[in-house]
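Residue numbering begins at 1 within each chain, and the chains themselves are lettered A, B, C, D and E in the order written.
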Amino acid sequence: MSTTEATVGELHEYALIESKSPGRLAWERFRRDRVAVVASFVVLFFVGIALFAPLVCKALGINPLTLDRKALNDFGLPNGPFGAMSRKHLLGVEPGTGRDILARLIYGARISLFVGFVSTLLTTVIGVVLGIVAGYRRGKIDAVISRFTDLTLAFPSLLLIIALTRPFTQRLESLGVPEGNPARLTYIILVLSLFGWVYVARIVRGQTLALREREFVEAARASGAGHWHMVFKELLPNIWAPIIVIVSLSLPGYVAVESTLSFLGVGLLPPDASWGVMLGDSVKYYRADPTYLFVPGVALIVLVLAFNVMGDGIRDALDPKSDRQQLG
Amino acid sequence: MNNVRLLSVENLNVEFSTSDGVVHAVNDVSFSVHSGKTLGIVGESGSGKSVTASSILKLNTGITASTSGSILFNGKNILGVDDKAIRAIRGSEIAMIFQDPLSALNPYYTIGSQIIEAYKVHHKGVKKKEARKIALEMLHRVGIPNPEARIDEYPHQFSGGMRQRIVIATALINSPKLLIADEPTTALDVTVQAQILDLMKDIQRENGMAIILITHDLGVVAETCDDVAVMYGGRIVEKASVQELFVTPTHPYSFGLLGAVRSLDNSARGELQTIAGSPPSLLNLPSGCSFLPRCSYADASRQQCASFVPPLQNVLPTNSLSACHLRAEALNVLKIKEPS
Amino acid sequence: MSAKVGTPLFYSPLSYLRIALITFIARRLLFALVLLAAVSLFTYLLFALLPTDPAALTCGKNCKPELIEANRVRLGYDKPIHEQYFQFVKGIFTGRTYGTGDIAFTCPAPSLGYSFNQHECVSSLIGKTFPVTAFLSLGAFILWMLLGVGTGTLAALHRGKWQDRLTSVITSIGVSLPTFYVGLLVLFSVVIWLQWLPFPHYASPSENLHDFLTAMILPWITLAVLSAASYTRITRNGVLEAMNEDFVRFGVAKGLKNRTVIRKYVLRAALIPIVTIAGLDFAALLGGAIVTESVFSLPGMGRLAIRSVTDSDLPVLVGTTLVAAVFIVMANTIVDIIYGILDPRVRLK
Amino acid sequence: MKRRIIGLLGLALSASLIASACGSDSSSSSDTAASTDTLAIPGTDSSTPTAGGTIHILSQLEQITHLDPQRNYTGSDLAFVGSTMQRALTSYAYAPGSAGSQLVGDLATDTGTPTEGGKVWSFTLRGGATYEDGSEVTCADIAYGTSRVFATDIIVDGPTYAISYLDIPQDADGNSNYPGPYTATADQQALFDKAVSCSEDGKTITFTLSRIVADFNYTVTLLAFSPVPKAKDTGEKYDMAPVSSGPYKIESYEPGKSLVLVRNENWSKASDPIRNAYADSFVYEFALDPAVIDERLMADAGDDQYAVGDGGLQPENLQTVFTDDRFKDRRQDDYDPYVSFTAFNVKTVSCVEVRRAVYLGLDREALRTAGGGPYTGDFADGFVKPALADDYAPSKLPEGLNTDGTPNIESAKAALAEAKTKCPDVYAKATVEGLKFFHPDTPIWQKLVSIWIESLKAVGIVIKPTAVEPSKYYPTVQNEETDYDISRGAWGPDWPNASTMIPELFLTTGGFNLTRNGDDPAYKQFETDTKAALNELDRKAQGKKWQALNQFLVDQLWSIPGTFTKAQDLWGSKVGNAYRWSSSGSFLFGELYVKQ
Amino acid sequence: MTSEVLLEGKELIKYFPHGSKGIFGKPDGFVQAVDGVNIILRKGQTLGIVGESGCGKSTLARVLTRLIDPTSGSIFLEGQDITKVNGKELQVLRRDIQMIFQDPYSSLNPRHSVGEIIATPMRIQKILPKGSEKLRVQELMELVGLNPEHYNRYPHEFSGGQRQRIGIARALALNPKVIVADEPVSALDVSIQAQILNLLEQLQHDLGLSYVFIAHDLSVVRHIADEVAVMYLGKVVELARPDALYSAPSHPYSKALLSAVPSATPRSSHMHSRIVLQGDVPSPINPPNGCRFAARCWKAKDSCIAQEPSLQSHGEIPDENVGLVACHFPEISN
């Protein structure tokens, strides 16, 4: 150990050895997980067509609103096998109106994913903030947040969401949110977040409590770290893994809830479509037009599966247990 | 005490495949244990000692583990027997205790039920009352005060030392021929450790069972064992009787280890003897002697040391075996460097 | 519970064990009561502050302002909110009489209000529909636990093999498909395409057990399959984690059969976290029940609630929300108590 | 279309709010509706009715809207309650086809005797009719039942003809001085007793009206004129357990689940010439998903062989049912009494050219297709159904209107161009700001509104949809303060006279005027002509006046005519008498029997 | 060899509320983790604190570093009372007292690179080192025997010993006056323990550091400490120079503790005269009256239970080598 020789004047730039951060390692592990990579591409694909829905539809020459009477028979049902699939309507047409299902699916992905993403984002932000605060500050603040969590969990959320849809959208409209779907979507996202954060907060709180016991948190405290440093530098970076997993699992969940609301009659307004609206509509045609029943369902399943597989992949990649070997 | 060779492990290899590669946890390990004797397996973390111990009871059952070699217990190859046969051996012929006495006990059941269960699984048809009586006796034997009152308590109601006593009681209830103790005192305070080691010795003296004691603590080895195997990088690098090891270590690693411990034990202020560097990762073992990177004696023979793994050989006119290329010179070198 | 394992739970001569459990339960119950009080207050305020005039909803198209006013007085909506709430709470314990004279009517305790749309006391409406929802949720809960724990254990024991992959795919789908979609698919496929079952026709179990079971089996499955999905995941992870526990290895080292180890050691350890979240998920289960009742035409509280939403039947809404909350809180409390019983460390700490 | 706005979930529109009742002319069935009889054949097959068995009625509703006779007001409810539990003074004959429009006596021996030119009506009671407890139905009970209509705080949702016709003074607001039996003082009660009186022997009941009502004997087919025994009246709660005077009584009633009727042992066939009461019992199953109802009827298994639906088939199942011969003996497609229409708020859409542009440019064909194509009904050419043969005449529709229902974009644009100069404000509203379309928030309307938006976009008219909770739809649009530009509705005559259609829909005092047309320049003329038609005693002359008024309405386009609607039914293979009763447009439930 | 007092703890007491049985969840007792401890750390010296688990040594370390507040008593740093210092002042104080932790795995944030970990205290304290932060960090890395080229590496890429060096470098970053090391080597393998101890000694020598060194392993303390305090159930029972303590412990507990340590000499070759204590350490919630060790002590008399012995010198002539002991019947050595 000939270390103390080095004095300030003699310091020189050291060559730095390429190193892999835990994130980078996780990324490499993730890249090796072929199934998860495929799943991510599927997710990206869905996100892509949702973002560029107008362009995609234009390129395909389809429109989600155009009525096509010719694709319907006299019963108002698709005029042809498999929901009147044709070169013009690749996935067939909607019974009753003859609108192109593919186009509606593409535009629907927009709304469904928007609801999913924003709800997830809000829930996560609220949940993470409150969870960390509760776990980190403990004591009275924790008690208040925990009791609030208990209270939120005691409510039959779906029932309340349905019951409050109309009065609250009206309230939102009177507050200046554009009438119609903007107000409805705002409401849906708000209530989903209002009830959803609890689950995130519980997990984050648990993680934070566990992290607090780790000595590096104490070390930061011993260096005089403030709350800001503690939360953002020490705690948050270590709870990304569970947060990402929650996100990947809850996003498709919110897509499903949105569709349930549509099914229960408090969802989106016409003529816009979400996958939920389509699912809700399609179940009536299980006999007359099974194709219609399956198309949005399969789309949702593919998306959900992709999200879950991607989430599992991320979790496996981030799994701290693979960071060190516990062999005697 | 009879000197029957109870267990002999031959050329044991254990590998785990992980996402980062194959971990060679145990490499070509051979040793044997005699009734009434205690074999110490010493090594630092990651040396493969716990995996070796688990292999004896076929506890490394994960799909990622693969085991080869043979483990002969009373002449029967344990690695070759089916599940049912190994179950008959577990807990009745060979018992095992673990490092952390709290986590070794099922927190959801009373200690009594866990001991009784261990008894009844090998004594089918025994009445509950009788089993309970035997359990009480055993608890009494291991020094649980007032066992009648405490037998229906849960593990978390006991102190660490008491828990380890309970674990021992559970392990010994069927009077096994061999006890594998995997770092039984590491989690305990020294005063409690002394109690537990005493207890184990007492019991061994009474029933003549063999013990494999896995530890990283040379002091524990010195106090408890008859023979020692020193493990490093998944291999046994030295095998000797306790006397031999502590008086005339024949492997540079053993020597270094002993030196570090002794200098801690004895010296006042001043530089401690150390072994430079860190233990190897079992993931990427060096091709030759795995101790080479830390070995300060291998100057002349470096070429040889780096190219192949030294076999375990007799280097002195004693019974000790050492896995070192230095062999003849080694002793001299070690002696020269031995501190005054 | 340890009854099977030699000694009964309360065998111990130490009465302190029993006292610990009793105080533990008492504390949980007290907490539940406080929570319920808060829930009732919040529910009542939430609906009371809605921009809809509850009195205006009490009569039909021939309604005149005077009549609305009369009903307002009759139902006590003219009073300030805190007084309304007080009356409401009082009604739960003592019953409540609306109006005076000939047209007065009384809802006996526990009164949750009176529905003008349905001309009935809310408590009796709920009394009729609640059993259906309770049967539905509890049945689904049991099935869901069995399914979730079963498949989760299966997946964990065959980690990485096809059983594991398959459950992973199925649960991924199950966890995120909307209940109504799955429910209708199940209904159509089992009843219409396969014709394995007749169309569900609800009857109470005391009335006609066969009808009850044939009507409930599909809703149970639907609800259970959806919720079980996440429990399969949790169980799988819990089992995998538990299998790494020292006491499990110690159990194996004792020579116990794999089955015994899994049942007594692994599952017991894996189940405890499941039990704790299961209580929390009861709210979600109840939400699923609302949809399931709609899909399968079950005359339960969820449908009553949906109907009262469309009718803006405020008293029924308040009542159903409150009863649902009580249900959830009770379930949570019971789960907590079970947790205390399952894990001696909780109650004896 | 009325039922089609009902959601999949049973979010049923309270049908009474559409206020409709029975009727088609007694004497003649019209040419345009001639298909009625031929299509009704399946229900009237040759098997002989036999007694016994249980008929099941499958419903998506949560409950019978009102069992209380005075509050009962929708076609199928009137048919169900009237044929099983509540008798009235008169009734339409219990027969399929046009015979079902024949007025006959029920509690009364005949169809009543008008005096003073139709201002006073007397009915002689048949006698011998009893309630389920065995007590006799008396004249006083009929008077009492009628008086309940006046208690508008409790007896809500029912028809209010008694209030408007009976000779009881009203205050300036049109409120009757008689507040109903519950709160009336002796003086107030005397007002009613003067208008409705029983003879000494209790055999004759006499109604004194405030004006001539030539067809008051049709009015009293409504159950609002049914008897209620005063001692058994529970007011508000009577709705849940009314006393039966018909062949069946309630055994159990659980809204949201079922209503079970069993034979009323105290009913005697001798006193009731019209009801046959074949089945032993009825089970009304509520709260079923409409898709499930259709499936059960198609599957025809078990008890469903004895089942009928009360809401018609869902449009998505029409193809399955009407293209498969398996169902040919147990299906029907027929006109119901309703006319659907789209109402403008004439206050805000005060420009007839804009209204015409909407009419011309609207893809009515697409709308009809979405509802099941031709099964939705025929494109209406006005507000009077051809079934009201005296009052119907084909009207002259706006020039350029495509008869096949497809939009005529050119003509629509031309009309809009005209509007641009004539009424620039409304033009701007229609093309830029958008017309607010209030629609019920149901799955089918999601599609219909989309068609509205999309088809009028081609013309340049902007539609802004507002979804309204289904059950609140009519209260919302009937509320003067709701600022819609367009709303929709459907209406059926209460009895075969356009007097129950045109005035109700377009007079400012009408029961279902959604047009807010009071300030329209043409209104005065319309009001005068309508009053004249109402007071015309000669039925033929009156019919001519209605025909002219209908043409006037088509010219003004305060509302756009929709369709003369049709409905389709399927029933179990063992159900007999499953014909559509022309007066209600529904099954005549009480006459259904179980085929052996 | 007396030098000036750097850190002093006077009558330090730390009680934790324990449990919350009963319906209203009031604590039903207090864990008396530290109960009336007086310690003195002199400049440039090492104060060793030994004791078994639950004796309160870690709590004491955290009280001394102001990570937790004492229930009562005072802490002085260079004569200044720092017991009640708070807010900004406390933040500045943190520069002077740093800590090294036990678990090299849990004490380093796995998401931060080594460079960030070592720089964190400087960033928090907003101390801009001369040159650059990076140079300073690399200097520190070199100082503790790490390859400065590993600046960008993450903790998971290091072995336990190296991680502990990172922890030491972090503690050194602020040039503290006192370093409290809480069992810094107990999680390490024997061969590594010696490396770390050597490093700590070398640093003390080179940088003039003062350590409070906490360990359960007597041999570790013996090597590094200038003075050793033996703790039992929240109290210091003996305070002595290591040579004296190890050759002739005065307190029966110290004696038992020493004798329980297995020595790395084969059994037959050393005198087997070990004292094995009976029973368990009593609960710190309601510790016994009088001498807390009395129940397990082979010398205990009634007076031990009646009266608590105070920490005082028992030698014939009070001198440093004998030190202080809290026992009514101390071992007298010659």
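Following the convention adopted for this analysis, a residue touches a chain if its C-beta (ideal position, glycine included) is under 8 Å from a C-beta of that chain, and two chains touch if they have at least 3 such contacts.
These numbers were taken from a predicted model, which means no experiment stands behind them.
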{"item": "Chain D reached from chain B - shortest hop count over touching chains", "value": "2"}
{"item": "Chains touching both chain C and chain D, listed by label", "value": "A"}
{"item": "Neighbouring chains shared between chain A and chain D, ordered by label", "value": "C"}
{"item": "Reference chain B; chain at largest CA-centroid distance", "value": "D"}
{"item": "Chain B-chain C separation of Cα centroids, rounded to whole Å", "value": "52"}
{"item": "Chain A and chain E, separation of their C-alpha mean positions in angstrom", "value": "48"}
{"item": "Distance between chain centroids, defined by C-alpha means - chain A, chain C (Å)", "value": "26"}
{"item": "Where chain C touches two or more other chains at once, by residue number", "value": "184, 188, 192, 294, 306, 310"}
{"item": "Residues of chain A touching at least two other chains", "value": "263-265, 280, 283, 286-287"}
{"item": "Residues of chain E whose C-beta touches two or more other chains", "value": "198"}
{"item": "Partner chain C, residues of chain A touching it in the complex", "value": "150-151, 153-160, 162-164, 167, 170-171, 199, 202, 249, 252-253, 255-257, 259-260, 263-265, 276, 279-280, 283, 286-287, 297, 300-301, 304-305, 307-309, 312"}
{"item": "Contact footprint of chain D on chain A as seen in their complex", "value": "65-67, 69, 72-77, 94-99, 166, 179-180, 263-266, 269-271, 277, 280-281, 283-289"}
{"item": "Chain C partner contacts - residues on chain B that touch it in the complex", "value": "54, 57, 59, 63, 83, 87-92, 95-100, 103-110, 112-113, 116-118, 121-122, 128, 131-132, 149, 152-154, 156-157, 167, 170-171"}
{"item": "List of chain C residues in touch with chain D within their complex", "value": "59-64, 67, 70, 102-103, 105, 118-120, 128-129, 184, 187-188, 191-192, 195, 198-199, 201-202, 294-295, 297, 299, 303-304, 306-307, 310-312"}
{"item": "Chain A contact footprint on chain C (complex, rising order)", "value": "35-36, 38-39, 42-43, 46-47, 50-52, 168-169, 172-173, 175-181, 184-185, 188, 192, 280, 283-284, 286-288, 290-291, 294, 302, 305-306, 308-310, 317, 320-321, 324-325, 328-329, 332"}
